[in-house]
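We call the chains A, B, C and D, going by the order they appear; numbering starts again at 1 in every chain.
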Amino acid sequence: MQINWEKELIPFHQAVEELKIKFKGIREEYVSMGIHSPIEFVMGRVKPVPSILQKAARKNIPEDQILKRMKDIAGIRIICQFVDDIYTVVKLIKQRNDLKVLGEKDYVREQKESGYRSYHIVIEYPIHTVSGPRHILVEIQIRTLSMNFWATIEHSLNYKYGGEIPTHIQKRLQRAAEASFLLDEEMSKIKDEIQEAQKAFAKKNTRNR
Amino acid sequence: MQINWEKELIPFHQAVEELKIKFKGIREEYVSMGIHSPIEFVMGRVKPVPSILQKAARKNIPEDQILKRMKDIAGIRIICQFVDDIYTVVKLIKQRNDLKVLGEKDYVREQKESGYRSYHIVIEYPIHTVSGPRHILVEIQIRTLSMNFWATIEHSLNYKYGGEIPTHIQKRLQRAAEASFLLDEEMSKIKDEIQEAQKAFAKKNTRNR
Amino acid sequence: MQINWEKELIPFHQAVEELKIKFKGIREEYVSMGIHSPIEFVMGRVKPVPSILQKAARKNIPEDQILKRMKDIAGIRIICQFVDDIYTVVKLIKQRNDLKVLGEKDYVREQKESGYRSYHIVIEYPIHTVSGPRHILVEIQIRTLSMNFWATIEHSLNYKYGGEIPTHIQKRLQRAAEASFLLDEEMSKIKDEIQEAQKAFAKKNTRNR
Amino acid sequence: MQINWEKELIPFHQAVEELKIKFKGIREEYVSMGIHSPIEFVMGRVKPVPSILQKAARKNIPEDQILKRMKDIAGIRIICQFVDDIYTVVKLIKQRNDLKVLGEKDYVREQKESGYRSYHIVIEYPIHTVSGPRHILVEIQIRTLSMNFWATIEHSLNYKYGGEIPTHIQKRLQRAAEASFLLDEEMSKIKDEIQEAQKAFAKKNTRNR
């Protein structure tokens, strides 16, 4: 049986749109209180159909089980200013009762060999379709700006080399990952100063948006 | 104690944004199925603070009870092509379990003396703030395009005359309301033809958006 | 030679996006001055590729001449509250020097036999691509809400019946067109009252958006 | 005479909105061609009124000359992946004939003592208001992601300390600036690999958006 992907992915788009609004709302709330927001910005996407099919082939997932088993068809990415903010966001997600955390992986403390850093959470999120309620799997990635910069580039290189990046480029990527880590470190050191500064700054801007 | 309205209204903005995304999602779903959507478009607004205060004064609501008692601080408006669609939307709202219907008024079948027609539903909608969950009152107004056109103009006139529209203008408004009603009637008569037509049309357009 | 439609239509999307921002800006300006805006809202679309090809076949336009000869690949629709507003918008368009009017048709004063009413203007609009400046043809349709309601439905029916709507449905459509015309007439009669009312109303709302 | 700032800033908002659409369009074009885009994303803002007034006081600009003399009331920020991209964007801006470059400063090659890096261009941009055409001054800042991260934080600290950041924090900021510079350096080294990779990647994604 042929799957109508455009139609099947509509609930995933819906879950992404709703979660984007919800996490952006958290940011708004912090800003309005004049407190440093752990969320800098929020992005979302539904995986393109060819990428879904390729991943399913690679992982031996039969086509009729893809929608229930693949965990990152719907994806949310939350970008933070500081490494500490990542853990604040994780805590905020776990407190909500409009979603259910199914699993998590901390690639920030335990970075991958490639240099990849990010915090991953898989959730189940309920939406309401015309034919009734449904639960959608969503992967949330939480990263600093610096981690995100690096990850975007690794993703492109992985795509180019079909997952097998040549050794000399791998080494360059690792050096870039170290520079990215160093930037996060330096930023953390001035964090306390910055937080107080941003608090004053947000107060000033709230009225003038 | 002075109320910081900007801050207090943030949860109301959040409820409006989430509900807009949810009702727009329903429309997307119908369009993707190639079926006539009962929802043509969705608008939302949070009542401006001076209007909140005026209404509270008029209704003798003490300032510290406004947020809990005033039902239309958060407002959603759903516009339909046909009168029948209004009742389909009402049914869709009642089926959802992510909101709770507190009350409803059918000014479509029992129009106001002024000529006003619309279906009103008051709901309680849960949101998640940084400090935990909250329930927000939201008024949903469901109307045809033609009802909405008329209502927008009556609203302006009411504002101009402080609620006391002169008799000769009231009469003109009633004649306009009759023309608006007639347009809805004529449209209903060709509805079945139109629905089949739109079904064919939506199918064609889905792939090309 | 095969035309890469997705790529070729990018400048048309760009023209539509820029013009939407420009006409919405005019509305903002009126609202901020507390004056009735002749523009109620603005929509835009690029014609779907299958519709482009069908129209080209019907009009005997060779595929390599479509982009230069077809005038409504890029379309802007401006919706007005009152019939008079249509002519205000036409005047505003003709005063601009960031676009060039190539032609116009007044189907408001001289409605089509079907009952269709709208004002059409074809313009040439300059955009800047990576490879330099280009001039794009854009059709602007200016209508009241009531004309737009009717036209949307006629469009669906035309599509359903392949342009040959059965006589009994044509008659119903004409009756609906009369009801639409009547509503515009009644609205015009209370226009002066309304304009003054809206002026007062806009002033109040400007500060609270 | 009292200046109605809300009204006076409308043309500045209009210029910002139009320029955002124009630069985002350039990005779309590159992506559709499957070529690395020198523009990663585009932001825009109109300076808040209290900041305008403070700056005017500091620079001794009389209130009635602010709108004509202050160059950064309307601001566009263009974020690039690589340092080289900055110069590609500068070239693209200079080629356009829908704006006029009035001045530029290269704080990328000649960074400020604080560690600040960015390319600044001041332009004059024509918009059409209801009362006719007007020319608006706009400051365009072009930066990498890493420069932007650093600059955001320096801006908050400057605000907190009223422009007089304590020496020990200045030193920390300089170390963070060095880490930011290092990250840009490492990224540049793998740039050629990345560009080819992104080219392949964009091609794949274009069809599935």
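By our rule, a residue touches a chain if its C-beta (ideal position, glycine included) is under 8 Å from a C-beta of that chain, and two chains touch if they have at least 3 such contacts.
Keep in mind the model is a prediction, meaning the values are calculated, not measured.
Relative to subunit D, the chain whose mean Cα position lies farthest away is B. Averaged C-alpha coordinates give centres for subunit C and subunit D that are 34 Å from one another.
Subunit B and subunit D have Cα centroids separated by 40 Å. Here the CA centre of subunit A is 26 Å from the CA centre of subunit D.
Contact of a single residue of subunit C with at least two other chains is seen at positions 207. Applying the touch definition to every pair of chains gives A-B, A-D, B-C, C-D. Residues 6-7, 10, 13-14, 17-18, 21-22, 25-26, 28-30, 32-33, 92, 95-98, 126-130, 132-133, 206-207 of subunit D touch subunit C in their complex. The residues of subunit C lying in touch with subunit B in their complex are 48-51, 81, 145-146, 149, 152-153, 155-157, 159-161, 169, 172-173, 175-176, 178-180, 182-183, 185-187, 189-190, 193-194, 196-198, 200-201, 204-205, 207-209.
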